[in-house]
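Labels for the chains are A, B, C and D, by order of writing; each one numbers its residues from 1.
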Amino acid sequence: MAQQGSIITDEMKKQIGVKGVPTVLEVEKGLIRMMAEALDDPNPLWQDEEYAEKSKYGGIIAPPALLCCARAGTGRGVQMKSPFPRALAGGDEVEYLKPLKAGDVITSVSHIAEYNEREGKRGPMLFTTIETTYKNQRDEVVAISRSTFISY
Amino acid sequence: MAKQLYYEDVEEGMEIPPLVKNPTTQQLVKWAGASGDYYQIHYDKDFAQSTGLPGVIAHGRLKSSFLAQLMTDWIGEGGTLKKISVQHRGMDLAGEQMTCKGRVTRKYIENGEHLVECEIWTENPRGEKTAPGSAIVSLLSRGGKS
Amino acid sequence: MTEGSAITDELRSMIGMATEPVIMEVERGAIRRYADAIGDPNPLFSDVEYARNSRYGEVICPPGFFGWPLKRGGMMELLGTIGGALFRAGVPRILDGGVDYEFFLPIRAGDILTSHGKFADFREREGRTGKMLFITMETTYLNQNGDLVAKARSTLIAL
Amino acid sequence: MAKKQLYYEDVEVGTEVTPLAKVATTQMLVKWAGGSGDFNPLHFEDSFAASQGVDSPIVHGALKRAWLGHLMTDWIGDGGFLKKLACQYRGMDYPRKMKTITDPQEGETWWCRGTVTKKYVEDDQHIVECDIWVENAKGEKTTPGSATVVLPFKKAKS
């Protein structure tokens, strides 16, 4: 029998806004280097201490990619539930408010921001959006990300 | 944390409590990231086979690290690992269980240090020693304590 | 075997080849990732509070970890040079033959090490499947006080 | 290394973001796993990928997003600031296998591209918006997105 109602249950709705596990990420030079290497991005701001000191940042900064990933705790501890077996990353949106400097200690917390359902080519699909806020050691928000997961 | 081992607890011939490891491809990929060794024989099956290997194999250095863990777990925080030597003789395929074992071969006091020498090795499920080696540790002494 | 001797000549000319001194910073996160990759939950490697109250006073490196070089180069580059020579000579397989470490002092997070690596030696041996080359590399590690903290001697087997 | 600085005045609607070529390799995916902490075997283990209904390990979506970040930070130079980056993972990409320890096999090259869609001044900031995307060798946009950047302004230098 075809499902009449919404696939978004009350139990799932209750998870909206519930904060996940805070994750602490030390923005270390070694990690920045690893990231730059994985990106094949030779930008001296990521790696060249002397160069970076003379730049407007006054020291090494991290490529934007360092946020919004598992290392940065994105999505950690969030109770994502779905009635479907398959899940895909649908997309990300990251707003950068401050540069990320080597030595910063970033604490991130995620929560489910919203659910959407849509009828796809292969049947019903559930879109779950997870929002993560990243703060530095001075309690300044350095970035906010919104990641969408599609399950079907 | 494990309890502290003392020099007086150790006799020649004594076995070190074994440490069991199950290195999956995922663990090898973590190791690649943590160690910076990105040689493809450790995660790319096709590449590994193109060099004549039966499949993806564990990094030798990961095995040495497992053996180092065997020792540091055993000697406790008061002990110090002074020397470890490991030869990579056989290959361990990803996904195969590996058991780290060891045995005390000698105990002696030198320059006031309570030293213990051990033979150590990793063993595959067929009982073959794939990475034999040795280690020297310095242990706390009950006599030296009080 | 002519190609065997060609490799030998090129390698012989490389003996003694040393890396520039490599500065390595020992960072807590890197130590944690390394311990996690071994699957070693020892709190001395990952729990800052715990380590503070231990005799080390700070998180220490698992044996065999010396931090990350600040710049590219060092041993990986030297190995790349040797590996490249072997590849060109049609020796595609290089295996880690083993390692000897000697530890003199604990390495703590926050230490800055300087490593000196060199291509120490090589020898040839007739193996089951033909000629095998054993390449020995040596590295010494000094800390920020100039004290020797560790020595490593590693063997690569090319076949 | 001297890098050229891009200024607000250099940019018009329709201006092309300097394209950036990328080659995804199995090795790069493993490096990304290490850096990002995403150790999902879908990105490196053939048998696991097959069990997930994918032909072979696929490029991490987040890596493609990171490429787009690289595209933008290269273009805006040290004086610019990337304010916002968004993208959707529309198509799967498969990495090239490696030929040697350092070199990939022949195969696909991806291009990160973009064009300026809007420029305006807001709260004294010189803002430029772009459409950006990752394009595979067939010219398909597998990862379309957008970026907002703040650029320095020449006149402000006096």
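We adopt the following convention: a contact is a pair of C-beta atoms (placed from the backbone, for glycine too) under 8 Å apart; a residue touches a chain by one contact, two chains touch by 3 or more.
In this text the structure is predicted, and so the values were computed from the model without any measurement.
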Completion exercise
More Cb-Cb contact pairs, comparing A-D against A-C, go to A-D
Exercise for the section: Could you please state the distance in Å, as a whole number, between where the Cα atoms of chain A are centred and where those of chain D are centred? Expected result: 16
Problem - Inter-centroid spacing, chain B versus chain A (mean Cα positions, whole Å) - result: 37
Problem - Separation of chain C from chain D, taking each centre as the mean of its C-alpha atoms, in whole Å - result: 33
Exercise for the section: Give the residues of chain A that touch two or more other chains, as numbers and ranges in rising order. Expected result: 31, 34
Problem - Numbers and ranges of chain B residues touching at least 2 other chains - result: 30, 33-34, 36, 39
Completion exercise
Residues of chain D that touch two or more other chains sit at 31, 34-35, 39, 101
Practice task
Once you've mapped the touching chain pairs, tell me: line, ring, star, complete or other?
Solution key: other
Problem - Every chain pair meeting the contact rule - result: A-C, A-D, B-C, B-D, C-D
Problem - Contact footprint of chain A on chain D as seen in their complex - result: 1, 3, 22, 28, 31-32, 34-39, 53, 61-63, 65-67, 69-70, 72-74, 78-79, 81-89, 145
Handout entry: Residue ranges of chain C touching chain D (in the complex, touch as defined)
Key = 33, 80, 83-84, 87, 92
Handout entry: chain A-facing residues of chain C, complex
Key = 25, 27-30, 67-68, 70-71
Fill in the blank from the handout: Listed in rising order, chain A residues that touch chain D in their complex are 31, 34-35, 37-41, 43-45, 48, 51, 55-57, 63-66, 68-71, 86, 88-97, 99, 148
Completion exercise
The chain D residues in contact with chain C across the complex are 34, 100-102
